[in-house]
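For clarity, chains are labelled A, B and C in written order, and residue numbers in each chain start from 1.
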Amino acid sequence: MISAELLKQLLSLAAALFLLTAFALLAQRHMHALLRWFAVQGVLLAATTALVAYAANVHELYISAFLALVLKGLLVPWLLWRIVIRLGAHREVESLVNIFATMLIGAALVLFAYYVSLPIQELSFVVTRNIIAIALACVLIGMLIMITRRKAITQVVGFLALENALFFTATAATYGMPLVVEIGVAFDVLIAALIFGVFFFQIRSTFDSLDLKHLEVER
Amino acid sequence: MKLWAYNILQAALLIGLSPLAAAVLRKLKALLQNRRGPGPLQTYRDLVKLFNKEPVLPDRASWIFRLAPYVVFAVTALSAAIVPVILVHTPLSAVADVITLVGLLAMARFFTALAAMDLGTAFGGMGASREMTFAALAEPAMLMSVFILSLAAQSTNLSTVTDTMLNADLGLRPSLAFALTAMALVAIAETGRIPVDNPATHLELTMVHEAMVLEYSGRYLALIEWANQIKLMLFATLLINLFVPWGIAMEATAVNMAFAASAWLLKLLALFVALTLMETWMAKMRIFRVPEYLGLAFLLAILGMLTHFILEVVI
Amino acid sequence: MSLFDLLLGIPLLSGVVMALINRSPIAARLNIAAGFLTFVVALALAFQVLEQGSILAHEQAFFLDPYNVFLVSLTAFVAATTAIFSRTYMLHEEEIGRVTASNLRLYHAMFQLFIFGMLLALTTNNLGVLWIALELATLATVLLVSLYRTPAAISAAWKYFILCGVGIALALFGTILIFSTSSETLGHGNDALTWTLLYKNAENLTPQVITIAFVFLMVGYGTKVGLVPMHAWLPDAHGEGPTPISAVLSGLLLNVALYALVRCKTLVDGATHGDLAGKLMMGFGMLSLVVASMALHRQRDIKRMYSFSSIEHMGLMTFSFGIGTPLANFAALLHMTVHSLVKSGIFFTVGHAAQGMKTQNMIGIRGLIRLQPGIGWGLLLGTIAIAGFPPFGVFASEFLLMTAALQSYPWTICLLLPSLVVAFAGLFRHVQPMVFGVPPEEVRAVRVNMLPVYIHLGLALVLGLAIPGFLADWYHNAADLLHRGAQ
């Protein structure tokens, strides 16, 4: 067992790293690097979950840590990478985004998340309550990724990063949701990733491109 | 009085060793590239040679052009005196804090740019404009990252910060990691290393700092080169003593100080090896990417600040 | 083997079976059979609840109370009639080559899976599972929206997927926040998300945390309900998918999402004793009502027009639940029922009309009553019903709603009434030429099955004339249950 103070510090560290990966995803232009950071985020998530499982002595969490590692750290990034290769999109670079401005918006979102979660921090009794702010910020950054990106795959990565942030909230701020819920959510995410894969091919075969600007059909 | 002597001594040590440091860096790089490279004393010989040569001044050079190298050297040497090197608490560092340090460096930069523009040559103007653009981004990032440390130490005084880092039980602080990364990025940009600038290049498209000092020769060039070497050493020392100050002397005893000096030199060496590895591994980035790079440093510093307030301040 | 197992097992199992059946006529028949079996089980469950009151099953994992049991039967019923309609409709689509046999296999499997998702969402006692089930229902329908593989369909499905995905992710965040405060009193386990326990212990939940959680849940589930301004996906998804899917999306899925939202609202009411959640719902509901009723006028596509009408009615229900008095809840529940019946009936008719006229564009649809009186009358009566004319049930529920609004917030009438009139004008402006004009030369009648439409409209009529006693009791029970939290 590790002491509560050390656990708190380790979790804070994990939260900071998680925030860093969220920003890295926000800033990446290259598909390859993007997916790599995404995998890093998944592994970080798994490590945090395992840490909480060990420290709080919740055995169920080992299962979700394992799920996170396999699904989010390995399987989904690998699947996405395979799809990217098969679609021949692995060299694509997104040029539209003004990275620095986006990053500043991201920083503003962190501030916003902090203010939103202040009441929670003041009232909650959980040791790790301040992580909710970071987690909410990561959720918002995931949304920002989805808003700023115009490519189907990067948008999906944003979506999955958002999902990762939710998992992170669940483990770090509440020591994990009940097992049924964790597994159910993981299952949903897996199906979502598969459907995304199907979609890439549908979009590709209909529009000859994965650029989402083609999707704005006149109605 | 004794402390004053130590203060001057450690500043002199930093200034005196800085050509050696530059030479070591060059040697390490050569070794990595399978060359023999110049010996460790080559930089001293270069400086001596330059000091002995008669400087050639351009026709249009005004007194600013001649004054600038002295100002740059003096200011850089002064900033070397306010940084804790071997001894934490020194009289000069007690009166000057980190904002002074950034101000002194800005002054050096200002005079370099002024001298570069004084001649009205194309290169000088170009170099000055690039340098000032980068500086406008680098300085806030630098200040921000030091402020994170100051928040932890509750003081902007460098000695106090070092003291806190050394003695207070700070635990794991993610914000410090952010600050360290941001500061390292800024240091690379400020000292003109790869990937921001290449001190060895004189290609007009890519020069930043070299473009500004292109017209200098003789003792003026020597002063500027030396000032640059001091600056490199200064930033390295700053990084070391702010983030990994272990070994630095709290009291001015001989044993402590000898130990501190050797620790300092070892850490410097390790840092330089890391720097060389990075310089060999990376390519210089396009000049228009540099603002983005510095923006990243600034952002990391902001993130560090935010994580400090969110994760580390106990409400 | 309890009835619960059957209720959830039938759709799940038949979904799996239909994924294996390649012959679409058989699958379509099986779809109907499964729908009716589910409905019978739902009815049996409903009578059980009627006799015994609320029931829990599988160690509190599932439960039925007066509030959800009527939604379960409604869902099962509309699913069954949609299956009848879908048989005629989809086989025609296959004949004209808009879908292939393998697409139909996907369609039938996903249809049942979607029903399973909704029934699970309605019957589960766990807020986390509720979220999972709603997400499952979304995922099941995403590929159905893009079934036709046209550019418009694919972009609609993408929008649906992404927007609902983000929305529902926020709802999960809200759920996690609830868990973070409830696990302090109910222990770190399934209990802390079990609705019945949460409802009992609402006093012990931290009001501030619950309030913030509700904001996330509101935005999250509100996206799924199709509330303005999170509604952008809804007209596209309903307009581009196959019509049976539009019918169940509009008639059922929106209800289920609203159900989830209202469940969460009762918790907030219990924890805070304030009316913040209600006010929030009233605001979103009113905004949806106003915006959708105006947007109705600008539509060109017939299915998009009716989906805006769905937004309008969902707004109305959200508003009514937001008022939160027993009368308002009663009105909202009744409105939920009649809207589901009428709207799915309308979509059935619209599907046939679009097949007959070979277009969904309202300019191309003319003279339905001359070409095929069945469709023409169906569309006319359906529109009359949804616009809130007596003697249909929508009139009754809207009348009750107005009364409730007048009692609690009289000034809202100034917005409610004009919006309803504007929506009515918008609907009839488009529907009248479609029904009465001269049909284009080249169209000819198609095989239709108007039986489900007549059943739906007939039921809506009955509900408008006189609500059967047991149903009224039921609504009263549910309305009180929802109101109790606010006291």
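The working rule: contacts are C-beta pairs under 8 Å (C-beta built on N, C-alpha and C of every residue); 3 or more make two chains touch, one makes a residue touch a chain.
Note that the coordinates shown come from a computational prediction; the quantities given were computed from them, not determined experimentally.
Once subunit A is taken out of the picture, touching joins the leftover chains into the groups B | C.
Chain pair with the most C-beta contact pairs: A-C.
Put simply, the C-alpha centre of subunit A and that of subunit C have 31 angstrom between them.
Subunit B and subunit C have centres, each the mean of its CA atoms, that are 66 Å apart.
Look at where the CA atoms of subunit A average out and do the same for subunit B: the two points lie 37 Å apart. Within subunit A, the positions touching two or more other chains are listed as 122.
Residue ranges of subunit A in contact with subunit B, taken from their complex: 5, 9-10, 12-13, 15-17, 19-20, 23, 27, 99-100, 103-104, 106-107, 110-111, 114, 121-122, 130-131, 133-134. Put simply, subunit C touches subunit A in their complex at residues 126, 128-129, 131-132, 135-136, 139, 142-143, 146, 149-152, 154-155, 157-159, 161-162, 165-166, 169-170, 172-173, 176-177, 179-181, 183-184, 188-190, 192-193, 206, 208-209, 212, 236, 300-301, 304. Put simply, subunit B touches subunit A in their complex at residues 171-175, 177-178, 291-292, 295-296, 299, 302-303, 306-307, 309-312, 315.
Residues of subunit A that touch subunit C in their complex: 58, 116-117, 119-120, 122-126, 132, 136, 139, 142-143, 146, 152, 155, 159, 162-163, 166, 169-170, 173-175, 177-178, 180-181, 184-185, 187-188, 191-192, 195-196, 198-199, 202-203, 206-207, 212, 214-217, 219.
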